[in-house]
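Pasting in a structure now, in structure tokens, and then I'll have a few things to ask.
Going by the order they are written in, the chains are A, B, C and D; count residues from 1 in each one.
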């Protein structure tokens, strides 16, 4: 259990870091959405290892194959299955960890939970599992873009350890993010972050950071009272990403130090529409989108795998020590940017379908495949 | 949709702030758990309005009736239905809000989402909905206590605006929390918080704060890879509580400023068991409990309802102003403490049942009703 | 678990035959559907005991109270909670069954499963649980009627023991069904059935029968490949009704004796639309509605409660005998007609919402509340 | 949606008849269950085309690859992903059906539902989809066999058109079933069925039939009140199989012609245990297993694909005619036997896990992996 995400747009990932491969089944994709392997691959390439000097140097091509659910470039409305074969497996790196529990990894908890473990690597706790999420997220982005004309989802690094970027959240574009390997739109901060990461990597240590994500073009009305609030589902989505330790929406923890009169977002009429003058709510009120930009931040801890020697224990309860060998990410945030985007897209796509199911008026939310209605009407007679 | 929480321990709340009543159906409660109306009422009393000078002065008795699922003081294994009648409704307080959207409330988003709204009050977005959660949480606590001998769940206020409490997380007990109306175990900070709240209330304004929660006695192995990580489900649970803006587990956002070598929790043998020397993980590694204390923090914004005059708009898109009348909470954190506990209990109970389903060995996790096995064996022959 | 039905239109029933009451929570009802207690009560009255000489003579008023989710006569889009109080409880009838397992009842299986049982009556296995289903079904019928202009759902008795009715399935109306207490549109057969039931009741025995149900006005396209086929979900819905033993859709078991050339339904153009010339498919092909009438049959066994003396055993494994006292249904089919309709409505309503979520074109499927779009547009600006 | 089955043992199939391949993800498999590709292949071989003279002559090897979730011959507790590549695709057979709707196939309903269709074959409605079910069913059987010492599941053909077999349900074994190509344990009837099928195939027509399934060794207590009754879930499982038209449990439709005094199963003490003297209940009472053999029957219509010329219409609403070319099954029941078994195993496995979650006493239901508890205890300390 636990490998499926979403109620209507249901994403099931599978696969260990070692073994045949990893992948995903997306059930609930509306029909007639244009989907190509290229769309998927483009996001996978932003996630994959070895893409730049601040990530792990492991080379994995992560070629995605669409096995089912797409025909002549369009979704069929049936499950979309995508697989990426595993390669570059070097289980000898991992011989030691069959016996020793790596500190702050999932080795110990998996072993206790299941009584068995694929000790060749991180198993399902490996970042490699997120390939399926990113592939599914690419599909979700296509659906959202087909429905919402101004839809945009932009995540970026705002902090690495003490280095904090200055980013204009209302203006930042994905092109700004992709300008550097850090995926930080503040070029000055990005350079400092790169330098910091390279120094800490050389020391055999690792660094944490913060990713911020802004979503534009989401209409008001997404999100369900009371448990499936849009921000609650985003929180779950983000905390399900490996190495995350916190989530905040809109004003976040800073809200705890504000007065109500400062925090409340006054309503006003702007451009003929009901808008809020400020956006401490982060685009969500009472768990439901209000039409403003949705934004949130996610805290990532420093990766647990470090070259420095650490205390630990063996499976047979002997105290020992361990130092990671091989090639690892000294800081995950640059590669985690597309994962954050993907998980946000999954949540928004699911809630979009949920809202379509009950909306009194579905105007303005027809998918790209609306043109297919001719053939459908034809068929229906 | 959205009113059900949990996979196996399934909690469905219902009810608006105005109308017949609010309540909850708990499906999936194991049989033979001792449950009494008193158990439920005790937590409801910690949540209800009018309990102290720092909460709203509205008086609501919130008497809980168990309609089904309990027989002769024990759960039947069938749905437990609990209802609290609404009373003290004063819809004239709310006549104005039928037309004007209250800033940072859910009035606008509900109206856009549903095209209809119970304008007599907050509807499902009202804190009154949490009655059902607290009642269900009381049931969950009974189940957890019957399974885990050292089980304890303690939430408390650690911050109100700028006032920060000093609390020994490893030692704090519920009795320490209930010593003052603030539910803050640091008596000095509690007094400052009370004074602050009284001053801000007099000014017609409101305050935010932070609640920390620690859970003890949870065995290793709870939580499911990959989406239903224990911390991911806790994050969702907490962000589904009205007025929350952020969640962090263990080291939380502070982790982003630490090095891996500082953050990793070394394993050691202590008391003959595998333990971690530190607990930056917050008791959860790879989404699965590791047997250490689980702890997390939740950010609450200042309540949106304030007596100060605010700008807003009407349903017919005229700009106007609004000032709340009546009796409201100037700061929700004291009353939110049992809600945080309840939601944590729901998550832990659900994952407990999930783990029982697949655990290779269920020893040590027999519910209190294990004695019922005699009658069962008898029945089975 | 197991008390919730549906993916988007989620119905959770609760309540034992004895105790505070029974009821239902309906989550996922679209907003702005006209719903009144009278709508609900009308179907409950067709289900309740004591309504005619062929049912049990127990008198239960089964008055339904709507606790939440409806405001000013319209659904809010939030959970609709409905409760019926228990009354006329005579637990002394049941003292004996605390010790003796009634043959072909659920006493034994509940006791083995849960290790505890409400021995005052049938608990959740009581037909009284179906009150919640019928109430939820009444809501579902309102939704379906608001969406599909020619929607009609008509169930009726076609067989009691050896007496088989002749019914024109394409023409039968609910008024024809309600003309007699048997709910059998063939008056001649109905009279024979009544006579048979009265004779068998006098003998202390009971009778089985068959209910057929036809649904008109369902558009093509409802039902999901591959597990949630419309007929698969109808089968589950029907087999979840107490005392059912079989289900068949369209040609049913008779199909097993036909050749493909006889069984296939040729397509033709009729009234400008694609239609089938015959309807052995029962309105469903590949698990998806094809626009023709949907029809199916459900087999009901004779009620297990009979006045005749029967062999059984006690909880302490002694062989003994038992004869039911009190007032019981000698044949459940007349009262089961509204239950079959209700369960069919739940399935169709759920799949309607599911199809709305993905449909490339939602034209023609706007709910009655479509007029609410003005206020919504107004709100949206 | 609709491609996932089960609550705890969750099976998601994917794949069209044409395209990359078909497969399944099984989430919720307990850890430490012995699973090999051979186990899976053995059931797939019973399902595949071309296995005998009474099935289609298409040759498909249907080689199953396990991509994830199994390590060193044991389940990891993580999703098991299995894929079978498509081959032997001859889309030229299907050019005609891109335009013409095949009668009593899902071509028309898929096109109306989705507005798009993989016209190269039956898409998801193809029997090829059931490969994923059979593979998942093979896993489920391994789990059930590891938990229940006398577990056995035996399905067989009891009827083809008018030819009815005589089978001793209480004694029949899988070896008896596999003795002939019909999978009918009555050799005389089997020969008549083979002759009938060969004749009807020569005539270009097709035949229906009935499969009966008996499950032995299931303990009392599986199945949930009220919607997820064990028989309700079996009914859904069976009606989700392509070409099915009916389901009956135990006495089935015959129950409708019996008196309560004949139908009730008296309890007695046999072998020191509480047993029923007869088994009209089919092993399930009140939706919960009672420890007796579970048995049910499934009706299959004659396959829709026939060589005889049939009336139909085109996508552009012209009336036309169609005759199937190529190699097709004249009667599906011999190949459907392993599918019925698989779906039954999925239901029983899911309910087994569900019962483990709440059972007051889990003794006697430890999976094969119980020996893993040593290493687990070791790990836990």
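Simple rule for what comes next: contacts are C-beta pairs under 8 Å (C-beta built on N, C-alpha and C of every residue); 3 or more make two chains touch, one makes a residue touch a chain.
Since the model is a prediction, treat every value here as computed from it, not as a measurement.
Student: Rounding to the nearest 5 degrees, give the angle of the rotation that lays the CA atoms of subunit A over those of subunit D.
Tutor: Rotation angle, to the nearest 5: 180 degrees.
Student: If you average the CA coordinates per chain, which chain's centre is most distant from that of subunit B?
Tutor: It is D whose centre lies farthest from that of subunit B.
Student: With chain centres defined as C-alpha means, what is the inter-centre distance between subunit A and subunit D in Å?
Tutor: 37
Student: Between subunit B and subunit D, what's the gap in Å when you average each chain's C-alpha atoms?
Tutor: 43
Student: Provide the C-alpha centroid distance between subunit C and subunit D, rounded to the nearest whole angstrom.
Tutor: The computed centroid separation for subunit C versus subunit D comes out at 27 Å.
Student: Do you know which subunit C residues sit against two or more other chains?
Tutor: Where subunit C meets two or more other chains at a single residue, that happens at 1-4, 7-8, 13, 28, 31-32, 77-78, 108, 112-115, 123-124, 220, 225, 269, 272, 274, 291, 317, 354, 358, 360-361, 369, 372-373, 376, 379-381.
Student: Help me check something: in the complex, which residues belonging to subunit C touch subunit A?
Tutor: Those residues of subunit C that touch subunit A are 7-8, 28, 30-32, 77-78, 220, 225, 269, 272-275, 291, 353-354, 356-358, 360-363, 366-367, 369-370, 372-373, 376-377, 379-381.
Student: For a test of understanding, state which residues of subunit D touch subunit C in their complex under the given definition.
Tutor: 1-5, 7, 13, 101, 103-106, 108-110, 112-115, 124-125, 129, 159, 161-162, 200, 205-210, 220-229, 231-240, 242, 245-253, 255-269, 272, 274, 276-277, 280-282, 284-291, 299-306, 308, 310-313, 317-319, 354-355, 358, 360-361
Student: Along subunit D, where are the residues that touch subunit A in the complex?
Tutor: Those residues of subunit D that touch subunit A are 1-4, 8, 10, 12-16, 19-23, 25, 27-28, 31-32, 65-69, 71, 74-81, 83, 108, 111-118, 120, 123-124, 315-317, 369, 372-373, 375-376, 378-381.
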